[in-house]
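As written, the chain order gives the labels A, B, C and D, with residue 1 at the start of each chain.
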Amino acid sequence: MTSMEEKVVESIKTRFPEDIIEAKVQRKNRVSISVRSDKIYDVGLFLRDELGFNHITSVSGVDYIDTKEFEVIYNVWAIDGKVLVSLRTKIPRDNPTLKSLIKVWEGAFYHERETWEMFGIKFEGHPNLSLLLLPEDWDGPPPLRKDFLLPDTPQEKLEEKIKRAGGQ
Amino acid sequence: MVVDIIRPFFIGLYHAFKRTFTVKHPFVRLKPTERYRGRVMLNIDRCISCRSCTNICPNMALEMVKFEKKLVPQYDAGRCCLCNLCVEVCPSMALSMVHEVEFSEYTRKGLIYPPDRFSQPPKPITEKTLTVKILDKKRGVAHG
Amino acid sequence: MIPILSFSEIIELILKVLIFPGLAFPLLFAMIVIWFERKFLARIMLRIGPLHVGPLNRTGLFQPIADFLKLIQKEIIVPDNAYKILYNAAPIIASIVASMSVAFIPYAPKPDGGYWMIYYTPWSLLVILAIFTARPFIMVGAGWASNSKYCTLGAIRAALQLLAYEVPIALSLVSIVIMSRTFDLAKIVEAQSSIWFIILQPIGFIVILIAMMAELSRRPFDIPLAEQEVVFGWPTEYTGTQFALVMVSEYFDLCAVTSLITVLFLGGWSGPAIPILNDVSPILSGVFWFLLKMAILTVIIIMGRGIYPRLRIDQLLDAGWTLLIPLAIIQIIITLFTAQWWIPLLGGV
Amino acid sequence: MSIMKLSMGPQHPITGHFRFILDVDGDLVLKLEPDIGYTHRGIEKLAEKRTYLQNLPLIERVNSYCDSVGTMLGYLEAIEELMGLEVPERAKYLRVIAAELNRIASHLYAACLFSVATGLETMLMWPINDRELILDLLEKLTGQRITYTYPTIGGVRFDMSEGFKEEALKRLDYLEKRTEDYYKMLLWNHTFQIRAKNVGILKPSDAIRLGIVGPNLRASGVKADVRKDEPYEVYDRFDFSIPTGKNGDSYDRLEVRFKEVEQSINILRQAIKDIPKGPIKKWAPPIVPKGEVYTRVEAARGEFGYYIVADGTMKPYRLKMSPPSFRNLIALPYLCRNVPLADVPVIYISLDLIPMDVDR
């Protein structure tokens, strides 16, 4: 008796033996699959149609600045199977492009747009990659990249503060 | 259908003669509950200048200043988010949360509490006060 | 030809124009109703309402006056591309037109045979109907002249709403006219001296009440002013004194409408004479009953704001044409068939 | 035929901190495009600069005025899973109590906003008044009315004070009785029904495809609730049902929320009855071991997801939130196609989008 999680790992490994870098069961209800970036669309279609992963949960990017890579993670929940799959892929940091998955999961529309805005990852085939959360006149780098440094927390000089407070 | 249209009329009319929920605030004040976190207060004698509070404060509302040859925190109520982290982390129990309800000031400067003001207890509420329990009795909520 | 008036007639005219049905009365009515509306709705919502201003220990009685004083101090802002003549004239015209109709409503009979009204005409019902019809045109004009999208939307909605309420009002007035066989409001009141028309024509009363609430843009029919949809409808851009005029004109309208319904269905001034008032003047007794009936109607109309959500414009048009107009026609048919029995019972015709 | 561009918000009575760009033809809205970001505070970036403990007051401000405990639970779940920390039983119960009280407060808030959208101001004030009772209760439990910072890593801050149980039970009784008035005034009010029924119908297949969560998904008839699917804290010990709607219209979305309030009262009664004695907090180290985790909790507006990458320091390497309102946002342009202008506020409010939650 194999659990749903193991079944997912098995079937994805048999279907895409070449393109899957790693597929494992993390814990109960969690499966992690990492794929090559050019095959993510096919794997996504397979996950949706064959395995019933139909409910997109989030799209997130992680900036691994040490290895000069972005990781993009699609977390998809299966409403019937009650398993969450993390479909992850790594793309180079200097040319971050990825095929958009909104044809697979339509709900990823705003998630992908946000990821584009925050990390500068271009999603090919996305109809509207424009600024969503940031102000319209934003011209800085994508803010969630690790090389975008926040200014130090505005902490006024001690003397100034005491002077304003009228203390000694 | 006609009943559903007319019934709200009578329910509304009935409620017009019930007691109001609102407290007439400037004339009557509501007493905060025991655990209410109004602002932070410092006990200067107990402070051991360990800087735990300034390190943990997420918003940098506390800052160490020199006061009577001793380093003690100064408090900025405008930055404070009343999260209680500093009170929990203080090893000598010098910080505590007090019941201050109204601490609006006319200037930003007034919100900065230097150590001497920081260690003052808040003004007690002098006007007529109501507790939640009395209020509930009036509202007819929790009968007792 | 200028009629030559005696001294007492001039005094009476001045009293009429300046104090009772004239200038002071709608203003006082507006003030009290605004206060009452705020306080009463607050009580329905379990709030307190206005609290600070005025006498009688925390009742907030003078809150409307305070608001008005605040509003007249404010700067009048005219939008850049507005059609300025119409834009500036609209609030003034609106308040004039709204307060005009009280001139044609009889408030009490005089002991010498006339009526306590500013201008007597045998066609007063038609005149008032005409004045009511003028109001949406001011709304449309003001909305268009503001050159703002929300104002225009509100104005178009006001024009659409006209289609929903105007025909039922006219139709339900027909049955009143059949019953009393006159367009004279004073004669209509006298016809009700033995039995009120609300008892004879309950359907007509409901139709006219609903249609008049739509005419007044009171909730659930405040579609032209729908705050959640078109901000404030056609008067969105008005500020300061102009806004105050717009607001006051709404309450003038409320005054006129409640007076009219009182006259048409609730028997106007008729009621048992009250000894104390009757000693001073028999007019006061009539006025007392008139105002009491107006107050009850006002409360009912105000309650709509506390208990019903707003309808959509298509739903209102639907209700107007498929519910109110058939009901009004049914009332006409019933009246036609039963008039032969009722008319001899009515007094004064 | 000409199309007018209408900009609704951010200064508009109903939209809050949103802006909608509408294509209006007469009274018909052809297209709606939401313009969000007016309350964007960059919490995900700020969280990378603060320690895990300092993040607590920050995280609850994602959705502070309605549902701060529900928002925080996912974050704490994630950290505790990374640490392998087992929270004491009593703390779990207290977390559930606070979260469910928050859910009631949030749903009452949603109901009052809904009635504002249709123009019924009385039902704005009544649920707000009764929400006050819940806030009083939470003040007694946590010491604050809105931003409690109540749960913390490894447990909760404060134990139940004396007399909390009795007071809570009384208030729940009152609230249950009071719901009848709401039904009579709002849900069974014919005028309200014709405004809300058959407006903004979201079919179950569409709801799943678009990734809708929470009460909106359940109103479409899909039985999906994290509290049942993968129970966190102690939700598996309570006996409660998941209310679902039939048509998936705006009316159903409100009704489901009212039914959920009843279920929350049910859970609260069980939790207050069963709560065990014991410690309320366990010491937790400030450093979180290296790893990645994705946790989901059912906040009041729906499923709240946290994806945390920890690199073995005191600060998170990456903290990704996927709040429910952000995921429900896509339903708004989908539903507001070829609807009358008057239905836009109803649809918008029925989805219960909170700008702070969308923008983070």
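The rule is simple: a contact is a pair of C-beta atoms (placed from the backbone, for glycine too) under 8 Å apart; a residue touches a chain by one contact, two chains touch by 3 or more.
Bear in mind the structure is a predicted one, so any value in this text is a computation, not a measurement.
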Please state, in steps, how far subunit D lies from subunit A along the shortest route of touching chains. 1
C-D or B-C, whichever has more C-beta pairs in contact: C-D
Between subunit A and subunit C, centroid-to-centroid distance (C-alpha), Å: 62
Where the CA atoms of subunit A average out and where those of subunit B average out, how many Å apart are those spots? 41
For subunit C and subunit D, let me know how many angstrom lie between their CA-based centres, rounded off. 45
As a quick test, compute the distance in whole Å between the mean CA positions of subunit B and subunit C. 49
If a residue has to touch 2 or more other chains to count, which residues of subunit A qualify? 153
Subunit B: which residues touch two or more other chains? 8, 11-12, 15, 21
Give me the residues of subunit C that touch two or more other chains. 44-47, 306-308
Applying the document's contact rule, which stretches of subunit A touch subunit D when the two form their complex? 28-30, 54-58, 60, 62-63, 73, 75, 77, 79, 82, 84, 86, 105-111, 118, 131-135, 143-144, 148, 150, 153
Using the touch definition from the top, list the residues of subunit C that touch subunit B in their complex. 40, 42-48, 51, 58, 303, 306-308
Going by the contact rule at the top, pick out the subunit B residues touching subunit D in the complex. 1, 4-5, 7-8, 11-12, 15, 21, 32-37, 56, 58-59, 81-85, 88, 97, 132, 136, 141-144
Of all residues in subunit B, those that touch subunit C in their complex: 8-9, 11-13, 15-22, 24, 27
Per the touch rule above, subunit D residues touching subunit C in the complex are 4, 6, 12-14, 24, 26-27, 115-122, 124-126, 129, 185, 189, 191-192, 194-195, 340-345
